[in-house]
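In what comes next, chain A is part of two complexes: it sits with chain B in the first one and with chain C in the second one.
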Partner chain A sequence: MLIFTIRRLNLLLFTLLLLTLLSFSLSYLFPGDPLVNMTGQAQATPEHLATLSSQYNFEQNIFKQYWAYLSHIANGDLGLSMASHLPISSEIMTLLPATIELSLVALAIAMMIGVPIGFIAAIKHKKAADNIILAFAMLGYSIPVFWLGLLAILVFSIQLGWLPSAGQISLLFEIEPVTGIQFIDILLSDSEYKWQAFKDASSHIILPACVVALAPATIFIRLARTAMMEVLETSYIRAANAKGLTFGQIIYRHAIRNALIKVIRHVGLQFANLVTIAMVTEVIFSWPGIGRWLIESIYQRDYTAIQGGLLALSSFIFFVHIVTDFVYAALNPLAREPHHGS
Partner chain B sequence: MAREKIYQEEEFPTPLLQLWHNFRQNPIIMIGFGSFLFLILLAIFAPVLTPYSSVENHLDKLLLPPAWHKDGDVSFLLGTDNLGRDVLSRLMHGASLTFGLSIIVVLVSTIIGVVIGSLSALTTGIKSSFLNHFLDVILSIPSLLLAIVIVAILGPGLENTLWAIIMVLIPQFVHVTRNAVTEEFEKDYVLASRLDGANSLRILSYSIFPNIIEKIISQATLAQSAAILDIAALGFLGLGAPIPLPEWGSMLASSIDLFYIAPWTVYLPGLAILFSVIATNLVGEGMRHALKVRKES
Partner chain C sequence: MKNRVFNLISQARQILGTTAICIGLMACENNDPLSLSAKSVIYCSEGSPESFNPQTVTSGTTIDATSNQLYDRLITFSPVDNSIAPALAKSWHVTRDGKMITFYLRKDVAFHKTDYFFPTRTLNADDVIFSFNRILDPGHEYYSVSGAQYPFFQSVNFSSLVEQIEKINDYTVRFKLRHPDSSFLSNLATDFSVILSAEYGQELTAKGNQQNIDIYPIGTGPYKLKEYRPGSLIRYYPHENYWRNEVALEQLLFDITPSNTGRLTKLLAGECDVIAYPIAHEKISERKDLLLEAETAFNVGYLGFNTQKAPLNNKLVRKAIAHAINKPAIIEAVYAGEAEIAKSIIPPTSWAYDESIIDQTFSIPMAKSLLTQAGYEDGFTMDIWAMPVQRSYNRNALTMAKLIQADLKKIGITVNIVSYEWATFLRRVAQGEHQTVLLGWSADHPDPDNFFTPLLSCASTVTGSNRAFWCNEEFDDIIQKALLTNNINRRKKYYAEALAIVEEELPLLPIAHSKRFQARTTQVKGELLSSFGGIDFSRVSKN
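Then we have the complex of A and B:
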């Protein structure tokens, strides 16, 4: 386990280093002055620019510049947004939790729906149920998410009027941001309308979360189906069968656990996919998250914001990646040992 | 004149031909394949087939519903949009933009990716280890996010979007080719031709490529459905095709405001995207299934 941890941390460090290198080189790749792109000081006076340039080691060679950039990031300084003149790090701190909230709820929905259906499809392999589930899965991951979001708004918000179509919570409720994650903040607040606020926030999250969840859910269906089919062909299942266990017992006691482990292994990779979908969905549902902010920054040519947002979002995705790796290793002893001969 | 078969010759179909034999067993997948060919034809011949040009305005026929509606007009089969442009013509022109361009994007990135991938499969040691880690990092960043960043560097526009998507797709091809080539290099027939004195490049082109081409094609179909969705998504976000172009995603984006009064202007481009992605996915699915069947037999 120690070696496993060291290897993972090593990978995490390497990746973060590469990501900072990427975002550092972005300030040179974006149009305009690299120093302005990096700091976001679009209207700085020449004297101010000179101070900045010495702070960021811009007179020295590129390695010193990168080092200065790294130390600025380590101090939590990602520059100022060119559009709003607010520090990027504080903007990210208010926006990223909303995206985390949306994507975690969507991930939970996707797994709770996708995995059981996938197991059912594997158990009913080559029967009508399997084919119907597969056809549904094909439809689900072919549907363009922006179209699905619009249809969902039309049906559930406009025609049926069940759910609100935009925003994170009704503006009537005043919630003190503590952690940034809306639900926790509501529970922490001492407002007398706490439960109304909680209900309102949940009705706001249902529609976007379901839209985000659809495509990953269908991928989970396929992953769970393959995993279950592999498990059902192993010899320990045959042994359990020979012992005289009923089919239900085999599935509940042996197959589900082993198949679930295989599904969990892929959660990290699917999460990256899910965050992409969430970015587009945020635009449609006016969700105050980092995806919408990033896309707006492109319209406004706010290069500092794009740079910081990319760094924050991809580090977050990679962090989740590593966490799921650890969860997988904790659940599956086989993954902890290095593979011999590979 | 038909030739009699004189010798009892045993025929060995090429890997690609075997794949085709397995592929055409499933009728649903053949429907998907047919739709795929239909879309290709549409993408090529759209300018000849369409009844109107994609930007021609019919100012007396604004927001006409589709022909089956009681207010519809049969000369505008799928209705018109808010500027009186024929939706059917725009959708057909859009096929050559969204679908046709996605094929070109995939072809270009396949070629670049396969070349880099097979060259990198021949390298060993620290270079290949670094490349592996680097690919892992690139592949862990979501494709749309990466495309958005590249568009931010290059500036919005259809051409820049295509470059962005090509660059996003290349690492996947490098990864697949690299794994396939290294796997194939360990087999005995490669050793045999190496003993015959063939160099690595010759082994690659004569022995290995015919055996891994179907893996690359199957990856290409995956990449194509991603490319269609990404082109449309970038168009929808206003970063891709500019407004007058009938790209399906930007058509959708420009008619959001009309959603309630003219829902067909939103339904139809979405359905077109859905149809082309499903056709591509069916072809890919059939390919993977046929590969599996061939491996097991």
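Then we have the complex of A and C:
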């Protein structure tokens, strides 16, 4: 397990270094002055720019510049947003939790719906139920998310009036941001309207989370179906069958557990996909997350924000990858110690 | 391991169950009369305010967010007949020569008590003098705090009109004017002439935070500012000691939603109680729980002729164009029938409106014969400048320009449509680069002078609001005389004469007087809009 951990941390470190290299080169690739792109100080006086230039080693060679950039990032300094003139790092700290919240809820929905349905499809393999589930999975996977989002608003917000169409919570509730995760902040707050706020926030998250969850859920259906089918083919299931266990016992005690492990392995990969979908969904549902902010920054040519946002978002996705790897390893001894393998 | 998985499954079941209960509860408890949303109003506004002091701006968005919510004026317009009514001043007196106006203030007016300011006294004469000297006196400590721009007051020449403001006693203030001006009281009743707190000003000066006066506002209005997030929201709390009435709401919230469709969606989904400038009027009228309201606004949309340029310096050509334009078709296509045909620059709801004026008849033969008289029987080519933005007086200038283009083709005039980005457009039009231009004017107060002087006087050819560059001494003389008297019948006569000159010379062709629209849920009760100025939430309640 130790070697496994070290290997993963190594991977994390080098990937992060590569990411910073990419984001550093973006300041040169974007139009305009690289120093201004990097710091976001678009209205700086010449004297101020000179100070900045020495801080970022801009008179020296490119390696020293990169080193200075790295040390600024290490201190949490990603420059100022050209549009709002606020530090990028503080903007990211307020926006990223909202995206994490939406993605996690969507992931939970996708797994809670996708995995059991996939298992059912595998159990009913080559029957009508399997075909219907596969057909729906295909359909769900093919629906573009922006269209689905608008449709959901049209039906559930406008026609039926069940759920709100925009935002994270009704603006009426004043919730002090502590962690940035809305639900935790509501529970921590001492507002007299705490429970109303909690219900309001829950009703706000349902639509966007379901929209984000649809495509990953269909993938989980297929993954769970394949995993379950593989497990059902194995010799230990046949052995259990021969011992006279009922079908239900076989599924509950042996098959589900082993199939789940195979699914969890793919959660990390699916998370990147999910965050991409969440970015588009945030725009449609006016969700105050990093995706919407990043897309607005692109419109406004706010290069510093694009650079910092991309770095933060990709680091976060990679971090989730590593975490799921650990969870997978913790659940499955075969993954962490290869000599156990057959 | 097995147990772990089973635990997970049973936990998941519990969570699912709880979620289901939560959703169920949500549906029931939304009707709970004690819920916060039942005591608050969310207004989806169209943009962020530039400042929290209406003295320094002219933009309608800022006026909506500040004037009637945060502040009060000495006097105001009665919502019934647009006459001048008491507000912070319980009465006033104008001397016979019209040069001295004395205001007697109310004694029970409290200022906002907020996180950033604790008032120790109620409103008195010092506050009034402070508020107006800030605009008038370049030596005043707050004069240049927000850039020394007071556009409304500069446009009515306020500083050359007011000679001095005197404190008679704590609750009596006297304005001394250099010459009588019958629109003076109307100017004081506009949304721009708000009263600030002198005590707050002194406190900020002592702390060295003078710029905060327009960022963290203190006024006497029905609401006080709680929180402002640019581009996102403005949160107001009720002013518990508001002098006029008890404020019924627990919270007033401006949800800043610049997109038209975004505002409509939020209204239909019940996330906004009131929205500004709604689109899709039929869709809103269809719903029983929504109310679409229209308020006649004092405005005029017009086609202005640059009278300095040939061939439009010839009044026969201008009249020919007027006869060739099919106004009813424009009203139908551009305003969806929700506007009135303008016969003169004055809207029919004004007391200066002249019934005897008849609209130019739509007649191609008349137009052609006028063109022949002017010597242009073969027609000519000209430009129409169409403004690029939507305004209540002209919802779509490009469509309007295309309709006019088609109309004028029938009398042999070829029209090119020109449009620039808004700021550039206004600058180039003010420099007189256009031949004809589609623009409009919204009045700031009901005094008819607010149409005549800015649109057509010789002085405003210089300041740039007279886009016809038409200067007629006889006309100027008449509108000056009309300002020197307070006798409304005599003023009516003067303005009728002035309108007759405009009718004869036709420096601009009035097209439409339109309405201002807004939509709300039927739960929100109380008046929100009046003919002038911004939205007003002071008398609004919800049930």
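To be clear about the criterion, the second predicted complex is superposed on the first by the 337 of 342 C-alpha atoms of A that agree within 3 Å, B and C clash if a C-alpha of one lies under 4 Å from a C-alpha of the other, contacts with A are read in each partner's own complex, and residues count from 1 in each chain.
In this section, a contact is a pair of C-beta atoms (placed from the backbone, for glycine too) under 8 Å apart; a residue touches a chain by one contact, two chains touch by 3 or more.
Being a predicted model, the structure only gives us computed values, none of them experimental.
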Overlay on chain A: chain C relative to chain B, clash or fit: fit
Contacts of A:89 with chain B and chain C, given as first, second, both or neither: neither
Chain B versus chain C, judged by how many residues of chain A each one touches: B
First (chain B), second (chain C), both or neither touched by A:294: first
Partner chain in contact with A:158 - chain B first, chain C second, else both or neither: both
Once both complexes are placed on the shared chain, angle at chain A toward chain B and chain C, C-alpha, multiple of 10 degrees: 90
First, second, both or neither for A:256, with chain B first and chain C second: second
Which superposed partner A:112 touches (first chain B, second chain C, both, neither): second
Chain B versus chain C as contact partner of A:202, first or second or both or neither: second
Touching partner for A:170 - first (chain B), second (chain C), both, neither: second
Chain B versus chain C as contact partner of A:57, first or second or both or neither: neither
Which superposed partner A:317 touches (first chain B, second chain C, both, neither): first
Minimum Cα separation, chain C to chain B, after superposition on A (Å): 5
Chain C-contacting residues of chain A that also contact chain B: 158
Parts of chain A lying in touch with chain C, wherever the complex brings them together: 112, 153, 157-158, 161, 164-167, 170-174, 193, 196, 199, 202-203, 206, 253, 256-257, 260, 286
Chain A contact footprint on chain B (complex, rising order): 133-134, 136-137, 140-145, 148-149, 151-153, 155-156, 225, 229, 232-233, 236-239, 249, 252, 256, 259-260, 263, 266, 269-270, 273-274, 277-278, 281-282, 285
Interfacial residue positions of chain A with respect to chain B in the complex: 11, 14-15, 18-19, 26, 29-31, 138-139, 141-147, 150-151, 154, 158, 269, 272-273, 275-276, 279-280, 283, 294-295, 298-299, 303, 306, 310, 313-314, 317-318, 321
Chain C residues within the chain A interface of the complex: 1-2, 5, 12, 16, 19, 22-23, 25-26, 29, 35-37, 40, 42, 227, 232-233, 235, 251, 253, 255, 262, 265-266, 268-271
